[in-house]
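For reference, the structure I am asking about is given below.
We just call them A, B, C, D, E and F in the order they show up, numbering each chain from 1.
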Amino acid sequence: MLTANALCCERDDRILFRHLSFELGEGEVLQVQGSNGSGKTTLLRILCGLNEGYQGAIRWYGEAIADQVENFFASLLYIGHRVGVNKVLTPLENLRWSCSLQQQVSDGAILAALAEFGLRGFEESQCFTLSAGQQQRVALARLLINPARLWILDEPFTTLDSDGVAQLENLLRQHAQSGGSVLVTTHHKLSLSPLEILSLD
Amino acid sequence: MLTANALCCERDDRILFRHLSFELGEGEVLQVQGSNGSGKTTLLRILCGLNEGYQGAIRWYGEAIADQVENFFASLLYIGHRVGVNKVLTPLENLRWSCSLQQQVSDGAILAALAEFGLRGFEESQCFTLSAGQQQRVALARLLINPARLWILDEPFTTLDSDGVAQLENLLRQHAQSGGSVLVTTHHKLSLSPLEILSLD
Amino acid sequence: MLAALQFSSIGEFFQMGGYAFNVWTVYVLFLLFFFVNLYFPLIREKQIIRELKRRLIVRNEVPANKHD
Amino acid sequence: MWQWFFKLGSPKWFYELSGKWLPWLVAAMSLLLVIGITWALLFVPPDYQQGNTIRIMYIHVPFASISLAFFPLMAVAGTITLVWRMKLADMVAKTAAPLGAWFTALALISGSIWGSDIWGTWWIWDGRLTSMLLQFFLLVGVISLRSALEDTDAAAKACAVLSIVGCINVFVIKYSVDWWNTLHQPSSPIGMAGDSANGPEIWVPLVIMIVAVYLFFAVSLILSTRNEILQRERRSKWVQELLASA
Amino acid sequence: MTERRITTAAAFRATLARDLLIAYKRKNDIINPFMFFLIVATLFPIGISPDPQRLGEIAAGVLWISALLAAMLSMDNLYRADYEDGSLEQLLLSPHPLYFMVLAKNISHWLVSGLPVVLASPLIAYMLNLPTDVYFALFMTLLLGTPVLSLLGSIGVALTVGLGSRGLILAVITLPMSVPVLIAGTMAVQQTLNGAPLTAYLAILGAMLLASITLAPLASAAALRISIN
Amino acid sequence: MTERRITTAAAFRATLARDLLIAYKRKNDIINPFMFFLIVATLFPIGISPDPQRLGEIAAGVLWISALLAAMLSMDNLYRADYEDGSLEQLLLSPHPLYFMVLAKNISHWLVSGLPVVLASPLIAYMLNLPTDVYFALFMTLLLGTPVLSLLGSIGVALTVGLGSRGLILAVITLPMSVPVLIAGTMAVQQTLNGAPLTAYLAILGAMLLASITLAPLASAAALRISIN
């Protein structure tokens, strides 16, 4: 569904990648690997359209993304280094807004997702009182709610404890099985079976 | 060298830990473990004196820390979730300042440490142009420069690639061998041989 | 031509009919600005070329011909 | 037509062409300046009211009139940057901003020196003066935004947006400030100073000076833009070849 | 799946509601611009002259300048927190025209920080001894003028949201731009005092408001896309 | 190991140098308070009256209020970036008295943002038609007064540095505190205009400066410890 063709990006006079092409089909999980500073985050942001300093073509179901931005955004879920959790609001309120940018959701669904991610009891605490890993979990709970086909996740495993890691891996597996696709960066070794790897080194 | 006696901390009406006692001797590495939100960060900040909402006694070589703050701070190196790297300055300038809070350092030593941590060529780039992992590396380079006896590190492995993880583990090992002590939280499995574990769950 | 000259002596010219300070400051400022604005870009150009050459020699990096 | 347009946008093309034109521009500028300044200082008859201060006009008016061109220039460059992503446009915009601030400052300074005789004070809160001052502030705003944004590309686009918004605003400000309070010389239809009774011995040197200052503006803009090109294109083949041969 | 896709209007409402909720939770966002306005306005009797006669003469200007500063300086909150925690990226990646999202944020911001200032203005006007005849003129011009200030300020914040050092750059960029509003506002009050009809000025301010509602969010949206890059 | 331990004086210098370096790199930190001061001062003739006579009467107050606002609003930079990137924690964990570290940061901040305002004040004073007799009084009072404002502001920033929403809360906290300085400053200028000797006022401002140099950094240090908790 997502194809990149001869991507090339340079920052500060340093070529991060060149002639980078890949194809992400339905039901696939693609792990972007590379050492620190190799350009993983940059690549993901380019694919999302958050960064425009690149050359090459990115296509969504064969069409250039620029021609169908809304369509693309409607099926995209991006969680970056900064997870998009407002510190003042509670997890419930946060999700109510961030999910409602893409679809209608009921509070019940949100509460269920939060509980699933081990945040039962924290639904009504303001997010600045949550620990780093708990905030990450709030953001990740969107994965359970949002029906987006394409997940782009930038180091979603940082600050998660081992339960959290297992749970997230599970989720990725399920999403792929149900025909979605995942693009993920991490320094972890993922234990998913059909896992493709794109190395930037 | 560092002993905690019957520590107890509660936040937001939730008891994070109670009757927590441990002793950290010279040459020891203590890993604080626990699921997300179990209070690891809180514990480390309490030990550093950055958080005072606790009960119990903390001693440094047998004496209460409050009676010898400067002494304690002179032999402490803390790197937290926020690594203390100014975005505008270059790695070199950052370290020049943060090291000079504790001791005199030469630029040569700093450059060597940066190179050791894989940042050769980035010494003069402003830190906001560095990737997440590279910024972490700038902070960690202090471990090579600073002669502090006690290292308190809060999730130092996040965003590091596998080389970085190996290198840091190595560093912890060496520090312990040379008589220093380390208090570290991480969700990684550390491969250090004399490793004590303190679980908060 | 000379008949159109407005001043009969150099001294009178410098006095500018009592407005010497004002008139001359403006013209001096103008000339200063004029030369500074030509001089600095030229110096800067030399600096840049020197710096770029130095880099070229030091790194001897392979130029990536992305442009052109 | 479009081909030409994009060729024009190529920094390399601009660098080479401007290299060829510069000597001619400099020659024309110098010639006109020498003639203009000599004429203004030596041959222009003193004004019956203002006396010899009239000679300040030959600096003030060219600078004041060119200062008004900066925001439109930057807005056009900004639009080109945003729409066609032409790098050259941004390089011009980047060098124009500080140059504009200097030109505006000089217009302000020469005007207020002139005013110290004519109005008996260095500064009054008159419409035109105030709008000039505000334009100066806006230019400083653009410059400080440029220096604050570290990423060249982001800075280019952000300054483009600010210049476009600012350009609209410069007109609104000028209009509203004139409406608020006007004392300054009204601009006369032929663009000339003072009474329409003024003869050619007054306005011919003025025209010469105006053209000369425009040329000066062009020359210094080109010079700084060439530096900017060298820096930003330092990794391209043609700059490397240029360096090798230089 | 597509049938559950949300309309732009609903996303607009959700964003508006969220921003109002955040402001409500923080309280400070609501109280501070208002307090700042009060405090700055009270600095003038202290710094200039407590003489009612002279205060009355400068009151309209002082009120407008204080409102202007309060509006500009309260803008910093508009996108900053969202930028820092990543919510802004989510907003940019939403499948709705950014124009409306930005407009929602601007409206919420004005309701929270501009409206209280407008409502408080008669009080300060009284304290500064503004002639009572022009209370209405002052109120109406502020009511039409402060949204324009918010919309203009929004462009400035959007341009500078990615900067580490914030502080005054926003004010430096946007204060000169808002001078026309200040002029229209204070002229309206002054001319009303001299007996001129208010409507002409209100028409001008209304035109400014319309123009900035249609154009400013476009500029803000473009600026946000640039800043997030 | 201990012999290489650094003296507090050296750490003080290192901190001062670092902050100046950051300001130098950002440029904006230097230019903006100054530009803000200019722009705000320009708003008054526009908003109140361009008439030189009336401007001259309010000039001293306007200048002081603009300087006060510029000082307060430039404070936000003081600890914010350090808080967000964690440098502040490092500062708190340094084995030196926090008093000196805070003082170093305050001094650097005043040099960068206060001093340019003081130096520019005569220019604006001229433009606002302040009577020339009191230029010296204005300059001296600003020179003594703005450091006090910085030191007081520092306490406010230190208290609020941990807050998500910044913006105006700082101004709301610190403006009332700085009213005494404003009073002393404007009184000095006004009384000098009426022929009174300046020295008494300078003595008062000097005393305020001394008191705040000794006490304010202590308060800031305490506030920082609280905020970081």
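Points worth noting:
One rule holds for everything that comes next: contacts are C-beta pairs under 8 Å (C-beta built on N, C-alpha and C of every residue); 3 or more make two chains touch, one makes a residue touch a chain.
What you see is a predicted model; the values in this text were computed from it and never measured.
Minimum number of contact steps separating subunit C from subunit E: 2. With centres computed as the average of Cα coordinates, no chain lies farther from subunit F than A.
Top-ranked chain pair, ordered by C-beta pairs in contact, is E-F.
Subunit A and subunit B touch with mostly matching residues; of the residue numbers seen at this interface, over half occur in both copies. Taking the mean of the C-alpha atoms as each chain's centre, subunit A and subunit C sit 55 Å apart.
As a whole-number value, the distance joining the C-alpha centres of subunit A and subunit D reads 48 Å. Note on chain placement: the centre of subunit A and the centre of subunit B lie 29 Å apart, centres being C-alpha means. Multi-chain contact residues, meaning those touching two or more other chains, occur in subunit A at positions 52-53, 81, 87-88.
Contact with two or more other chains is made by residues 26, 81, 164-165, 169, 172, 175-176, 179, 183, 229 of subunit E. Residues of subunit C in contact with two or more other chains: 64, 66.
Contact residues of subunit D toward subunit F in the complex are 121-126, 130, 133-134, 137, 140-141, 144, 147-148, 177, 180-181. On subunit A, the positions that touch subunit B within their shared complex are 11-12, 34-41, 81, 118, 122, 125, 129-134, 136-137, 155, 158-165, 187. The touching residues of subunit E, counted against subunit A in their complex, run 1, 4-6, 10-11, 14-15, 17-18, 21-22, 25-26, 81-82, 84-87, 89-96, 228-229.
Subunit F makes touch with subunit E in their complex at residues 26, 28-29, 31-33, 35-36, 39-40, 43-44, 46-49, 54, 57-58, 60-62, 64-65, 68-70, 73-74, 76-77, 80-81, 163-169, 171-172, 175-176, 179, 182-183, 186. Here subunit D touches subunit E in the complex through residues 82, 134, 137-138, 140-141, 144-145, 148-149, 151, 153-154, 157-158, 161-162, 164-166, 169, 172-173, 175-177, 179-180, going by the rule given at the top.
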